[in-house]
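Common to both upcoming complexes is subunit A, partnered first by subunit B, then by subunit C.
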Partner chain A sequence: MNKIFAISNVVLLEMYRRKDFYVLFIVTALITAVMGSVTFFKDAEIVRYLKAICLFLIWASSLFIAIGATARQIPAERESRTLFPLMAKPVSRSQILLGKFLGCWLACGVALVIFYAFFGCVAAAREHQWPLANYFQALALHWAMLGIVVAMTLLGSLVLTAVSSNITITFIAAVAILLVGRYLHKVALSMTEPSAAIITGLYYVIPHLELFDVRDLIVHNWPLIPWGIWVIALAYAAAYTALLLLLSWLAFRRKVLQ
Partner chain B sequence: MAKPPVEMSVILKTEQLRVEFTSREFRQTTKVALSSLDLEVSAGEIFGFLGPNGAGKTTTINVLLGFVTPKSGAAYLFGIDVRQPIARQRIGYLPEMTYYYKFLTAEELLRFYARIFGLARAEANKRIDRLLKLVDLEPARRRPLKTYSKGMQQRVGLAQALINDPDLLILDEPTSGLDPLGRMKVREIIQRVKNEGKTVFFSSHELGEVETVCDRVVIINAGELKAEGRVADLVQKYQTSSLEQVFLKVVGYETSSARTPAAARTPNA
Partner chain C sequence: MKTTRPFILLLLLLAVLCSGLAARIDCWFIGWPGNHEERLDPLDVMIGDAQKLFAGSFYREADVYYHSGYYPTIFDDREAFETAHMAEDTGAVASHNRGDETGFMGPTLDFFDVFNRHFIPNRHTHLDEGGPTDDLGKSQEVREILPWLKISSTLDPEDIRTYLTAAFYLRTRMGKVAEAEQVLREGLRHNPDNPQLLYELGRVYFENYHDLPHARNIWEAALRNWEKQMAGKPDSEKLSFDNKFIVQRLQTHLALLEEAAGHFNAAIAHWEQAKIVSSDPGGVQKHIDELEHTLATQTNAPATAAH
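What follows is the complex of A and B.
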């Protein structure tokens, strides 16, 4: 386990010393701060729009961070050949994969905590309340969803040759699932066979990332999700993440590296 | 308990190693990189591994380090199959070029590898201090590696290869691109490692250097073992005056003077 933590620590250090995260955070913070400072038509309801936009930016930024950081991990290490001195040590390929996954996922977690804390400050400044339990539920589900995305990107980085194609394909897949994932089986009803069967099958196979999108919970200050449902959602994310990591390991374990 | 596949004094062994690379193009072609390669390296010796470019030296090292899986045959380090990560617990590896995380400092890099080897923090600190002094990088220990010169990066490479106090050091062209001072430093360290009774597997093009430091050499060409023995024995066997000439003879290269008939070399003949 110590080896996995050592590898993830290097991933975190790399993220900390790169500029990507800072740029995304500054852009998100600037847009939110500017919007937060404006009062449109003195309408109190405008706060909801502000919160919705801010959360949308956080979701977009977190997807960029998760996919961008993970996609370059193994291909960049192969290209710069830093993977080879590491693999010459008593460390297995599964430990390298888990270390990379953990590092990227933890980095996403740190980014989310900073983003949500900033969002909380902006929202509290306008609404004078701080529903911590809502934030906690939303952040945890968001982080669990990013676990699936990180594992998906890691698998893509082992199957696809170019980093850019992996980033593009994974990003499109994640956004497509978020936008149309929940309607796939309904779309299938209006189709003929075999397309209907394929689309229905796809509906049951894909990880439903949209289930983790509980932004409305915060935007409209809705009551908390029942904790049992929340735990089941986290378990669902853990199962998909484990499955994707298993597939990544199968792709990586016999890969010729030179 | 299963019998180990090699004797305890032989710490590196390959048996009938065969590696093939298949192209991913439409018309798949297969290139044989190694063919029935048998190697044995005993404890305490400095073993020179020679061959022209494309002979299969790096592929052999890649198999030993688990980067490449052979088509057939087997390789063992300390009697353990190289496919098991634990086989690499007692080795140090210095690649030809400096392939290290540029955003880390030398100290952070060594600490990272120490953690991979499972060293306790106090022991790791002691070794990091000692190694950074050994490679003359103590004053630059907290500088990012991206600010290091090539020579300094190669010395960091040596330090990381020694962090676990290895019994076998695998060096792939360790002096490539270094200035004479850097080469001297690397040579000193190799000698020091030998004096401590450790084994060195030394792959190099620098035949003069190999002649100076190695106890025994192997020359491979086109993935096959062509010659093996002590340098003096090989020189005698091939009736030459240096390892370089042995090398050229073994790989089938004839110098222009050897190719040209004597009459043609004589002026006004």
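What follows is the complex of A and C.
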């Protein structure tokens, strides 16, 4: 376990030095500030449009950070040939994989905490309330979703040859699931065979990332999600992440490194 | 010094040439038919008529906010949301909605669907009726639809629904009557003599300012404008659902105004007109009978007193 943490620590340090997060955070803060400076009908308490824009930027930024950072991990190590000295040490391939995953996922978590703290401040400035439990639920679900995305990208970096193609394919897949994943079964019902069966199969196989997108609940101040349901969603994310990591390990185990 | 002088002179020559050329082109540009300088709106230049499409999306987004996110997508049954509920509730826009507004998601299809519905807005609520918390004290939160309406009206100033909706909630839920009037007058600047905008403006004077003569003038002007706009048009268009709706609203409100002013004969005349286009002529006739009875009692009362 210590070896996994050591590798993840290196990944975290690398992410800390990279400029991606800072740039995305500044862009998010700037756009939010500009949008927040607009007043409509002299009413300073209108806030939901601002919350929606801010949360959208946070979601977009977090996907960029998660996919962009993870996709480079193993290919960069191979390219710079630092992977070989690492593997010469008494660490297994599974430990390297888990270390990389943990590092990227933790980095996403740190970024999310900062993003959500900013979001909370923006919302509180106008709404004069601080629904911490709701924010905690949203942040945890968001982080769990990023766990699946990080694992998916890690698998892509082992299966696909180029970093750019991995980033593009994973990003498109994640966005597509977020947008239409929920409706695939409904769409399949209006189709004929065999496309109906294929779409229905796809619906059951894909990781339902849209499940973790509770922005509407936060923006419109809906009550808390029942905690039991929330825990099941986290367990679902954990199971999917584990499955994708297992597939990544299978791919990495057989991979010939040159 | 000697070496720099030719360059300075050359620069001066170029500057003079540029100014002369710019002045020449400007003269030509002013007369050019494609000149957009009078309305130099960057959005207009960049996306042109596509602004109306975006305006429609923003208008729809306002209705999404009115429902706190509980809204059908293109994959759901949208029959009950053909007319935005926020506009329908103002009473100034005819409703084309059918079906069940609470069940557009349909029955659950699988366990994912059942589970999924915990993570999205899953109950039909209106923001001015408490929203998701059902707290009627929070009806002012309907203010959240205003940014989208403002953007929509900026992109498509000819869409009167945005002005009608914004003005209604500003005056009824937020107590901002002056702002509501301003919104309607802005709408009238872009859509002169529009009967629906005039109807809503009349309501501001009638319901908020309690200025009956002014309200009457506005509503009568709205009726005149409607008749002017309908002149020469076929009956099928004149008696379309939307047209009947606005005439019925105008006649009904004029009748109510005359009743409030104590002019029962004028009120009855307006009720008679309203009855022609009403979906419930029997109900209107009943009210006319009551008014006639009141009128008869009033006219008989002085005669009995004289005896």
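Throughout what follows, the second predicted complex is superposed on the first by the 254 of 258 C-alpha atoms of A that agree within 3 Å, B and C clash if a C-alpha of one lies under 4 Å from a C-alpha of the other, contacts with A are read in each partner's own complex, and residues count from 1 in each chain.
Assume a contact is a pair of C-beta atoms (placed from the backbone, for glycine too) under 8 Å apart; a residue touches a chain by one contact, two chains touch by 3 or more.
All values derive from a computational prediction rather than experimental measurement.
Participant: Touching A:49, do we find subunit B (first), subunit C (second), both, or neither?
Facilitator: A:49 sits against subunit C, while subunit B stays out of touch.
Participant: Which partner does A:189 reach: the first (subunit B), the second (subunit C), both, or neither?
Facilitator: So A:189 only meets subunit C here.
Participant: Scan A:3 for contacts with subunit B and subunit C and give back first, second, both or neither.
Facilitator: Only subunit B is touched by A:3; subunit C is not.
Participant: Answer with first, second, both or neither: which of subunit B and subunit C does A:233 touch in the superposed model?
Facilitator: second
Participant: May I ask you to decide whether A:81 touches subunit B, subunit C, both, or neither, giving the answer as first, second, both or neither?
Facilitator: Only subunit B; A:81 stays clear of subunit C.
Participant: Check the contacts made with subunit A and report whether subunit B or subunit C touches more of its residues.
Facilitator: C
Participant: Applying the document's definition of touch, where does A:91 land relative to subunit B and subunit C: first, second, both, or neither?
Facilitator: A:91 contacts subunit B only, not subunit C.
Participant: After lining up the shared chain so the two structures overlap, which partner does A:217 touch, if you call subunit B first and subunit C second: first, second, both or neither?
Facilitator: A:217 sits against subunit C, while subunit B stays out of touch.
Participant: Could you tell me which stretches of subunit A are touched by subunit B in one complex and by subunit C in the other?
Facilitator: none
Participant: Would you pull the subunit C residues touching subunit A in the complex into a rising list?
Facilitator: Residues in contact with subunit A: 65, 68-69, 73, 75, 106, 109-110, 112-113, 115-116, 118-121, 131-133, 143-144, 146-148, 150, 166, 170, 174, 176, 179.
Participant: Would you pull the subunit A residues touching subunit C in the complex into a rising list?
Facilitator: For this pair, the touching residues of subunit A are 38, 40-43, 45-49, 141, 180, 182-183, 185-187, 189, 203-204, 208, 210-214, 216-217, 219-223, 225-226, 229, 232-233.
Participant: Within their complex, state which residues of subunit A touch subunit B.
Facilitator: It is residues 2-3, 5-7, 9-10, 13-14, 17-18, 80-82, 84-92, 95, 254, 256-258 of subunit A that touch subunit B.
Participant: Report the residues of subunit B in contact with subunit A in the complex, numbered from low to high.
Facilitator: Contacts found on subunit B: 21, 58-59, 62, 65-69, 85-89, 91, 93, 95, 97, 99-101, 103-104, 108, 112-113, 115-118, 157, 160, 170.
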